[in-house]
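Shared between the two complexes below is subunit A, which has subunit B as its partner in the first and subunit C in the second.
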Partner chain A sequence: MPVEQWLEWTRGPLFRFALAVMVLGLIRLVVLNGINLISLVRHSYDKKMPVGVVARDTLRWLFPFTRVPASQRFFTLVSVAFHLCIIIVPIFLAGHILLWQRGLGLSWPAMHQTLADYMTLFAIATGLLLFGKRVSTHLTRSLSRVQDYLLPLIIVTTFASGYLAVHPAVNPAGYDATMLVHALSGDLVLILIPFSKLSHMLLLPISHLVSELGWHLVPEAGTRVARALGKEGEPV
Partner chain B sequence: MATAMPADVRPAEQEQGEEQDIEPAVKRVPPQAGQQPNYSFYVEPFKLEERPRRFLEAFAAILRQSNYGPVLDTYCRVGAKCSVCTASCPVYQVTHDPSDIPCNRSELLLKVYRRYFTLAGNLKSRLFDYFRLTNEHINTLTESVWRCTACKRCKYSCPMGIDHALVTHLARWILAEIGIVPKALVVSVRQQLEGQTHNTSGIPVPALKDTCEFLEEELEEVYPGAGISFPFDVEGCEYVFFPAVSDYLMEADTLMGNAAMLHATGTSWTIGTGNFDGIDYGLFYSDAMWERIIKAQVAEVHRLGGKSMLIGECGHASRSAKEGMAYFIPPEDQVPVVNIMELAYEKFRAGQLILIPDAIEERTTYHDPCNIARKGWIIEQPRAILRHICQDFVEMEPHGCDNYCCGGGGGMVSIDEIREFRTLVGGKTKAEQIKATGAHYVVTPCANCKKQIDEVIKDHGLPQVRTGLHDLMLKAIVLPNGQEPILQEEED
Partner chain C sequence: MTLRVVKTIFWFLAGLGLTVILARILYGPGSVTYLTDILPWGLWKGGGVVALVALGGAGFTVAMFVFIFQWDRYQPLVRGAVLFGLLCYVSVAVGLTFDIGIWWRIVFPLWHWQFHSVLFEVAWCIMLYLVVLLVEFSHTVAERYEMERTLRILKRSTLVLVIAGISLSTLHQSSLGTLFLATPFRLHPLWHTDLLPVLFFVSAMGIGCLTISLVTLFVHRLYNAEPPMNAISGLARISAYLLAAYVVIRLTEILASGEGLLLVQNDWDTLNFWIEISLSALIPIAFLFRKAYRCSKTAVFWIALTATIGMALNRVNVAGLATTNLTQSFYFPAWTEWAVTLGILAAGGLVFFFAVEHFGLFQGLTKEHVVERYEPGQLDHTDWAALYFGGQRFGEVHLYSLVFVVGLALSLGLLPDDAIYGVSPETTVTFGARTVVAHKIPARGDEAGTQFLVGNGGEDGIHAAAEVHVLMVDGNRDGDYVLFDHDNHAATLAGEDDPDASCVLCHHMSKPFDEATQCYECHSDMYLTVDLFDHDLHARELGGNQGCAECHQDPSAPKIRENSTECVDCHEGMRQEGSRVQVTDPTMQYFAPGYMHVMHALCETCHEERQPTLPVPNENFARCTNCHQGLPSLRSDIWKSARMSIATYTTRSDSGGGGQQ
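Entry: the complex of A and B
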């Protein structure tokens, strides 16, 4: 099969599959977490949802410029820039919107191509910085799992190949091959979202809410645990 | 007498060289087969057989009966391992040991959860030689969760909002169910729940009354003829008073300040002889104990027909009562929980508590107890009073809800055998903060912080004097008849 056909396949069926996996996977997470949240509230006396606190905490971390320890400020900025770029560019890139229009007839205003170029370069640079930080110190290596190393690399690959594809002057490889890498890695990111830490794009406020509700301890739980373990009435 | 606060049982203070090696006091000695593990703190003998199985049984029972399952579920998914929490943990900042990173500590328990209580873990264990719970893992977890002071700074530095203190809290409960609890804590709780005195320090009622009589005599010298008293078992009072019971042994000035403030503001209050201890170590190691203790305290409030629970100067007692009331007491039996500093501030603001301005000449600073400050509950109230009565009030940096723990939080302060770890590792940052203020007085309104900061000051050779808020207020309270305190010579 020639490269063009592979490319059509990754942009067509594979993309639809990846998008479906992402959407269904995120719906699954919403349902599971919804059930979790209901069970958290159901068993405790305090039924109030601390919506205000959670909104405040979530917003604080969407714009984390306060309460970040001085030693972490630089990488906090890097991280925020990285997040902004990788969210905004794929959604508002003119080329992507064209694909949506062709496929589903949906369309929305596109961002300026030059801005998209700069943000793409920024995403690559900040992604590499974050990856570099992770591998460079004993501390961050001790924390990291396989996905922590792979995800930034996959995302950087997507952005780098996308940039090269639309800038043939700096591209050492052919358009089709570059675009194939771009589409494949992009699809992979979509598929990985619900199954990796990327799910925090949806679970961030939920996680804050769970931390608040997690402290709504269940009355009589201690007695029932003792009963289950056959320790009822035992002295302290 | 089983006491939770054996303040003076330490041998003569150790020489602290300048080049103090801050090797953590914790020494992990691998136990021989069939031998009790050698933890860095004393633990009463527990069953060694089949510990992993019993740990998992306890874990399963707790997950089934409590709310922790959904929490662990979410934390397993969202952990981004971003390392921001490393900059906030006072223990990690001193040890630089990766096992002290809050995220790594939580991972010790999350790993067990993932392996034994999720489908993915189950599958993984069938496909690969995946993680298996061993005695060694339980030992590592034990040491790890008892190096955390549960100060919750990491929770507020986690972009995902992961509450590592909650995971630690749960891990300690599971360990407690298989018999692994620092002896100092369990002995206190046993005395409180099953002893004859119903308090952690084992103070019998006659001794309590003697102590209070003595304090009344002392108050008579400060306010001659005022007749400030410690009322016992008065029914139908507004407030039933629960200080940390160790105050009766060690914090005479705090209690005298409490009584003077309550007298000066005409507050109706009483001490219940059935239960007069605000301490609740259940907060530190077991929800089961937490619930039993708060229920006993609330029962005493109802026995006396009191309207509110008044907690003395104590951080964990305030939080365990306020939150425990909401979690464990049926709504129809709940009563408001008020910290004595909140009450003092209310009265001060309403003009019912008259304080001499600038009564304290020496430079004064304030240490926020984590349990009342972290979520922003009590931060400004004591400061408003201190700014009024002190000529030179200075802040530590950072302070308020971003404060550093004294190093004795989470029940650690009661464990005397880890004093070196507490003061030289957990309390190192606090010592530096205290030193930087150049203050004479370090005010801290918490029984745990008081003992810990005393030891931090001693072990770091600092010149500061630790005191409580009401200790200082005692030098500034004006009685309604205009009587001012006669200042006593400060004892060394």
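Entry: the complex of A and C
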């Protein structure tokens, strides 16, 4: 199959699959976590939910500058910038909106192309910085899993190939090949969202809720579980 | 195969089918099926409706044995049979809903009463029987939730309900057969008989006994329980007699109506017939009359499976497959059709499992079989799959929801474009005109205008007429053509000074280095509007990436047509000045409407304008018959004896200024 047909395939069938996996997969995660939450409340000692406190804490934690150690101020900023760029650019890029309009007739205001260019470059730079930070120290390496290394690289690949596709003058490779890399890596990111830590885009508030509710378990719950399992007295 | 694997597959299929059903709501069955107007009944109707009604015959058959004949031997199967019947009929209702063109009209039989329609009777019977089955099954539900008063009322009405169920089933099982009496010219004679209603009814009872045996054996095997073999072997015996009766009636009818020779023909329909009747009846009968096979779990399972497949094939044959020969059409279901039928069945299967686990459907299948013993064991932190999908309830929820979501998404990805964007019309490629020698008979007095005659045969005096080279305009090359005297048009319309001045009137746009591009080169589809711009060609010719800026000059604007350099900015001689054809809509500058449309528009407009100025008055000058002169089609048999020399037409640019041949 020639490259153009592969390109059509990644933009058509594969994109539909990836988008459906992302949306339905996230819905599935929220439902599963919802069931978890309900069972957690049902088994908790104190069924009174401090809704106000939980809501306030959750929102406070969503704001990225709560409790930042002085040494990490720079990378906190980098991380926030990275997040903003990779969320805003794909949604509001004029070229992407055109695709939506052509396929489904949906359309919304686009961001200016020059701004999108700068934000794309910013996303690439901050993504590489974050990756570098992760591999640079022993502490961060010991905390990292495989996906922690791979995900920023895949995202950077998507943005870099997107930038090159829009700016053929600086692109050493052909347009179709660049676009293919862009579409494939973009689809891959969408598919990975519900199955990797990228799902924190939706689950973050829920995980905060869980940790807040977790304090309301029955006292001595751990000992009881151990007793039920017949592993009393064994080290956990 | 464990229960978990079966449920996983069922959830996946259900997801696959659900997406197709939702997509089908958008653009209709045509967007997701291979059905045609000639063969409108395929897998959905044959498999999902006609066959499933027969398989659901288990419900009324077993209920009749237990409650009317008081054969207590079949008591252990009656609840399962009623629920199985209910699920079959619900599946039928769902499948039928999405099979009819305007799906929400499934409820129309409720108030649009058509007393002459067999389908009207079938629809009402199935609706009423569905209600009967629901009430019959609610018995089990009421017992589970200990609703004493409801239970008392239900128990009192059991007999009435069972009798109603049997009557309704007798009616609609047979009238589904009656329905196909209306298709004598479609259905192959081996299947079409006046006894179809009888055959449908008898075979539904026979196969009903076997399908409920099959389901019972399968479910008990999955839950590691002991199936009620006493009841099953009894049902198998009854079913052998019923199927034998079915075979006797069917073969006798074929022989009696003098169609016996069809049974030994060497063709596809005869093969199909023998495969079907062997699977559905002959093989099952042969085995089930022996007690040893009837009492063996394995044997009954495989025999019942064979018979179920065979009888489903019978219904699919009657509904569509055995009509392909007489209708001269070919059909194999699209994957989307399989997905919907299997998805609905899988969803029904999941409901059945749920009922087995929660409503005590089978006496031998108790809570101990359903709930596995919980054995914690050592936790392995590195085994993420066991951590996520392991354990009982929640592990299963994780697994099934995952495959369901993947099924939904996969189906969406694989759906044909027609199902996403609507059915797109087929393309019809156009070809250039050819030249042919014709005899030109000039207009005489006030009669019709110039006539052409082609070929070497015909009346006397034709040969006396002038021989001219004319263009044979046949855009889609289907053999129907219009003869066009190009030279005469060029001469008549030419200016006094410049003989070539007339070209631009029709040849309004030229390709690079072309003076008069042929019509078909841009109007390349007979009916559809096509885009003239070839992006890849331009990218190649302009030197790859470095050339983009030639047309996409503003780097901050999206690279779309509206933001790019106009074609005429580079191709200056492309649009001819003073042409008759003027493109007024700026968005249509580089789109070419369908060949047929533009031909009609150009010729008609010009002829209408010139009619009043004709030297010889001709009222047909601007009418269809002026060009469409009823000359014999190239497909016509005339050309077997007559000859016509058709040559390729070459333009000046093609042959380097050679002119037409």
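In this section, the second predicted complex is superposed on the first by the 200 of 236 C-alpha atoms of A that agree within 3 Å, B and C clash if a C-alpha of one lies under 4 Å from a C-alpha of the other, contacts with A are read in each partner's own complex, and residues count from 1 in each chain.
Keep this in mind: a contact is a pair of C-beta atoms (placed from the backbone, for glycine too) under 8 Å apart; a residue touches a chain by one contact, two chains touch by 3 or more.
As the structure is a prediction and not an experimental result, all values here were calculated from the model.
In the superposition on chain A, A:199 contacts subunit B only, with no contact to subunit C. Applying the stated contact rule after C-alpha superposition, one finds that A:179 touches neither subunit B nor subunit C. Of the two partner chains placed by the overlay, only subunit B lies in contact with A:37; subunit C stays clear of it. Applying the stated contact rule after C-alpha superposition, one finds that A:229 touches each of subunit B and subunit C.
When both complexes are overlaid on chain A, the residue A:142 reaches subunit B alone and has no touch with subunit C.
By the touch criterion defined above, A:154 lies against neither subunit B nor subunit C after alignment on the C-alpha atoms of chain A. Set against each other, subunit B and subunit C touch different numbers of residues in subunit A, with B touching more. In the superposition on chain A, contact is made by A:72 with subunit B only, not with subunit C. Overlap of the subunit B and subunit C contact sets on subunit A: residues 32, 229. Of all residues in subunit C, those touching subunit A in their complex are 376, 394, 397-398, 401-402, 405-406, 408-410, 412-415, 417, 420-421, 536, 539, 544-546, 548-549, 555-560. Across the complex, subunit A meets subunit B through its residues 29, 32-33, 36-37, 39-40, 43-46, 57-58, 61, 64, 67-72, 76, 79, 138-140, 142-145, 148, 197, 199-200, 203-204, 206-208, 210-211, 213-226, 228-229, 231, 235-236. Across the interface of their complex, subunit C is touched by residues 4, 12-14, 16-18, 20-21, 24-25, 28, 31-32, 35, 94-95, 98, 103, 110, 112-114, 117, 166-169, 171, 174-175, 229 of subunit A. Subunit B makes touch with subunit A in their complex at residues 57-58, 61-62, 64-71, 73-75, 77-84, 86-88, 96, 98, 101, 103-104, 155-157, 159-163, 166, 177, 186, 189-190, 193-194, 286-292, 323, 326-331, 402.
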